[in-house]
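The structures considered in this document are given below.
Next, two complexes with chain A in common: one pairs it with chain B, the other with chain C.
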Partner chain A sequence: MISLYQPRDSPIHRLHPLTKLTLSFGLIAVALGAPVDWAPLLLYVAVLVPLSYVAQVPGPFLSTSWRLLLPFAISLFLIQSFFFPEGTQILARLGPLTVKAEGVRFAFASTVRILLITGALLLTLLTTHPGLLMTGLVQKGFPPPLAYVVVTTLQIVPQMRERARTIIDAQRARGLETQGSLLVRMRALGPLVGPLVLGALLDVEERTLALEARAFSATSAKTSLYDLRDPAAERIARWAVVLGIAGLIAWRLLEALQ
Partner chain B sequence: MIPLHVEQVAYTYPNGVVALQNISFSIAPGESIALIGQNGAGKTTLARQLNGLLQPTQGRVLIGDLDTRQHTVAKLAAQVGYVFQHPEHQIFKRTVRDELAFGPRNLGYPADRATALVTQALRLTELTEFAEDHPHDLLPALRKRVTLASVLAMDTPILVLDEPTTGQDARGIQVIGAIIDNLRAAGRTVITISHDIDFCADHCHRLIVLGGGRVLLDGPAEEVFGRPEVLEQTAVELPQLARLTARLGLPLAWQPEALLDALEARQHQQGQQ
Partner chain C sequence: MRYGASQSRPQWLLVGAGLAVVAATYLLLVLSRPSGLDQSPTANTGALIALAGYLIGAGLIIWGVARQFTTSTYALIPLAIAINIVIGEIVTLLKLPLYLDSIGTVLVGVLVGPWAGAATGGLANIIWGLFRAVPLPFAVVAIVIGLLAGLFARLGWFKRIYLVPIAGLLTGLVAALLSAPLSAFIFGGVTGGGTDALVAAFRAYGATLLQASTFQGLAADPLDKLISFVIVYFIVVALPPRVRSRFSQSGTTASQLPR
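Let's turn to the complex of A and B:
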């Protein structure tokens, strides 16, 4: 199976997988809950990037992170800056099209959120052996089917990238022009995205079948290949993060209710 | 109809794997070639050089007079059709017929020519009765034939088929074999990658044997099958009947008729003694 995992000997690699997942979600919660648009960008630069150096994976982290972001960023900026419906503040005109400040701001906020969410999960995946992630979740009482689906869904990203490459090759070989002007590339999207989404759906179906074939619904305790260390400090940190997330959500809800 | 020239081609993947070294050969219109060799020998890498999906790191590939380094894959697609090994990834239209029309439309063929080509490709692949079905409702073996048909409909002078017979039942293999024979009879060039040595022996007159990224043998079937010690290096076994003739101490043959002839000749000889 294609995996993002980069084997290294770093303190981040040695953390319990569940700790890494919890911390990721904590960071995401803080970023999304913060009152300013640029908070996710700040957390990305000030927390995730330094951590990627600690984990000795800055290269794969930065390149994958930006490659994941770029398509989103470009389409968000194009669509939102030109078509943001309630926009009033006009920044520029291009023929019949207008670039609105509200649109640009919205596109920026969405883009940095995606950057942080993918970044946090990416760092977890880069530093966690897929088998360990699965085992870690199950040992902590996650129902195995749920753990399996979580782990494999996280792995869909690199798989999709591989598949996208195959599809692009196959359609170019049938005469589809994929290089050139923006118009040419937009026209190429249908034949590329169609099989990609369909393939992903078929995968999920196969995964469900695989679950049943591997007797995942059996109820006896499953033996595991890996025995994971989980120090008390990490357990406490996880609970603190979970409480923190709950508190944050409660606080934002209360604020909204006033 | 155009020739194809591979001139001193070497290819190294970006991660440093040297997949091809010093490969040279020419293929004339109307040839039916088999590319054989063990897993990892470089067959797919070589085939991908033939339509520009990969460009040589050394040497060059000429399709007619088009150098693959100077043209996009989409442009070269008008000359070389390529049927992928795992083609189910490329299907995206709602009906088999529309899927087949995708290539001819990309190549800018006029509507009536495209329609005629699609109809013909459906007939050749025995898919006419499924023309209005959703490709994903078909059995995998038929779906694979849809992608073969979608490339046939592009009417290219050269065709590359990567493992066309895997997953096909006996009838499917027969249909694909007949298509190769017909293309060749019509003066087209067909290059087949296959593990099925019997299939290659039946439908390809020239075999190019790859091992470790190099050409080990290149010649007509009778010549290549006469060198079992070289074939062994790249884990290729002789066709079943050829192995049988070897065991019987008969001259090399791999077609039933040739084997019968050899047997009769021997009986005749023995009768005379």
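Let's turn to the complex of A and C:
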């Protein structure tokens, strides 16, 4: 199974998956609802980074977080610093281009916003096994067939990659060009995509039979192998956060409408 | 081969509410233009509204259609999402200037129906989100791509080869318009990819950020979806009849190439 999950024994790993997810969205809402544009950076440094140490995943957290942010940050600072027609304050001139203060500030605000949104979700994903995440959601009323779809996809992707590699090797052995002009590479798409999709569609029947043999479409309640603890304190905290998010959005929405 | 499902229709109340939330969010952000894009201290309000509206809308739609499919559709959807991911990787390997990361979604929409396509798109982005967080807010866009692919097939557009590219073009158009506010308000108008140069060009001509993201989407999405739809058409035509007849909406597609 492919996932970001880092197995550790930490208080954060032990929280109910839904609690972590709710807290992540709560943090995002606070960061975006705050009236200053550096609030996301403050919350990232003061809340998420210390929590990643508590969860014993600071390394994967910081490296994944920056790997996701970097392409956006580069694009944002390059484009918004130089091309910000609404800006008036000129910081520097480079030939025909001007760096505008408003543009740099906009790039900063957007960068820290992306940093916080991705970081908040990352911390949950790094500390929660995807199977357990789905079990937790199903316990709270999430449709079980969808949980099946999510977990199965995570298991199928590596198999499908392996199959794609086999197809690419086989077609190359038969003389398929995968390098060269754009037209040549476009033409290679058919012989690679066709067998991959056809093979997948042929699998459907077998998988359907396997599912039916295991009472997939039975409507009665099913027993889970995992027994997730969900203390009352966490339930109360979740509801408080959900109400807080709703209130914050309503407040900001009314303000924007005025 | 079809087995019973616990429900055979979408829960229209949930689906309708989801579509209404998305439409209201789009109208609010694009037409009434709150103070989100200027340099006011509340610069994040637009991001908050875009994120909340699109995520809640996507959640309601997915929830509304979740329980209605047959077992074979639930068996198909993970394969389709894996197809999205792996073909996206093949396209990167071939260094093509396209995404082609919704072929599985379009395929399910065409073979099974609009709501199955919608569920595939939405779940695909949620699963992508488990690795990169960034695709999560765009789940609604993927839902609409699967939905439209299914509707065009139901209207018989996949019976005529010349209608398929038009269907793809129209779907790409809607996808571009729908994703522009997310891109502009949350991600500062950039995607971190090569097409960001277009944003710079449009900004240099004085376009607002929302306009520039819309133009960028319009330059990339319609062509990408056109090619995806044509690829799906050829895949469906090439399917052996024994495989094709298993899917409930397969009667609405052409069964052989025009001569």
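Rule of thumb we're sticking to: the second predicted complex is superposed on the first by the 176 of 258 C-alpha atoms of A that agree within 3 Å, B and C clash if a C-alpha of one lies under 4 Å from a C-alpha of the other, contacts with A are read in each partner's own complex, and residues count from 1 in each chain.
Note that contacts are C-beta pairs under 8 Å (C-beta built on N, C-alpha and C of every residue); 3 or more make two chains touch, one makes a residue touch a chain.
Source: prediction; values computed, not measured.
Of the two partner chains placed around the shared chain by superposition, chain B is the only one that A:Leu176 touches, whereas chain C remains out of contact.
Of the two partner chains, neither chain B nor chain C is touched by A:Leu27.
With both complexes placed on chain A, chain A has more residues touched by C than by the other of chain B and chain C. Contact with chain C, but none with chain B, is seen for A:Ser3 once the two complexes are overlaid on the shared chain. Using the contact criterion defined above for the overlaid structures, shared-chain residue A:Thr166 touches chain B, although it does not reach chain C. Look at A:Ala109: by the touch rule set out above, it reaches chain C but stays clear of chain B. Residue contacts after overlaying the shared chain place A:Gly190 against chain B and chain C alike. Taken together, the two complexes place residues 178, 190, 194, 198 of chain A in contact with chain B and also with chain C. The part of chain B that touches chain A in the complex is made up of residues 51, 53, 72-74, 77-78, 81-82, 84, 86-87, 89-92, 102-103, 106-107, 136, 150-151, 154.
On the side of chain C, the complex with chain A involves touching residues 1, 3-6, 28, 32, 34-36, 38-39, 41-49, 51-52, 62-63, 66-67, 69-72, 74-83, 85-87, 89-91, 93-97, 100, 103-104, 107, 119, 123, 126-127, 129-134, 136, 186-193, 196, 199-200, 203-204, 206-208, 231, 234-235, 238-239, 243, 246. Those residues of chain A that touch chain C in the shared complex are 2-4, 28-29, 31-37, 39-40, 68, 70-72, 74-76, 78-80, 82-86, 102, 105-107, 109-111, 113-114, 117-118, 121-122, 125, 130, 143, 145-146, 148-150, 152-154, 156-157, 159-161, 164, 168, 178, 182, 185-186, 188-190, 192-194, 196-198, 200-205, 207-208, 211-212, 216-217, 219, 245, 248-249, 252-253, 255-257. Against chain B, in their complex, chain A makes its touches with residues 163, 166-167, 169-179, 190-191, 194-195, 198-199.
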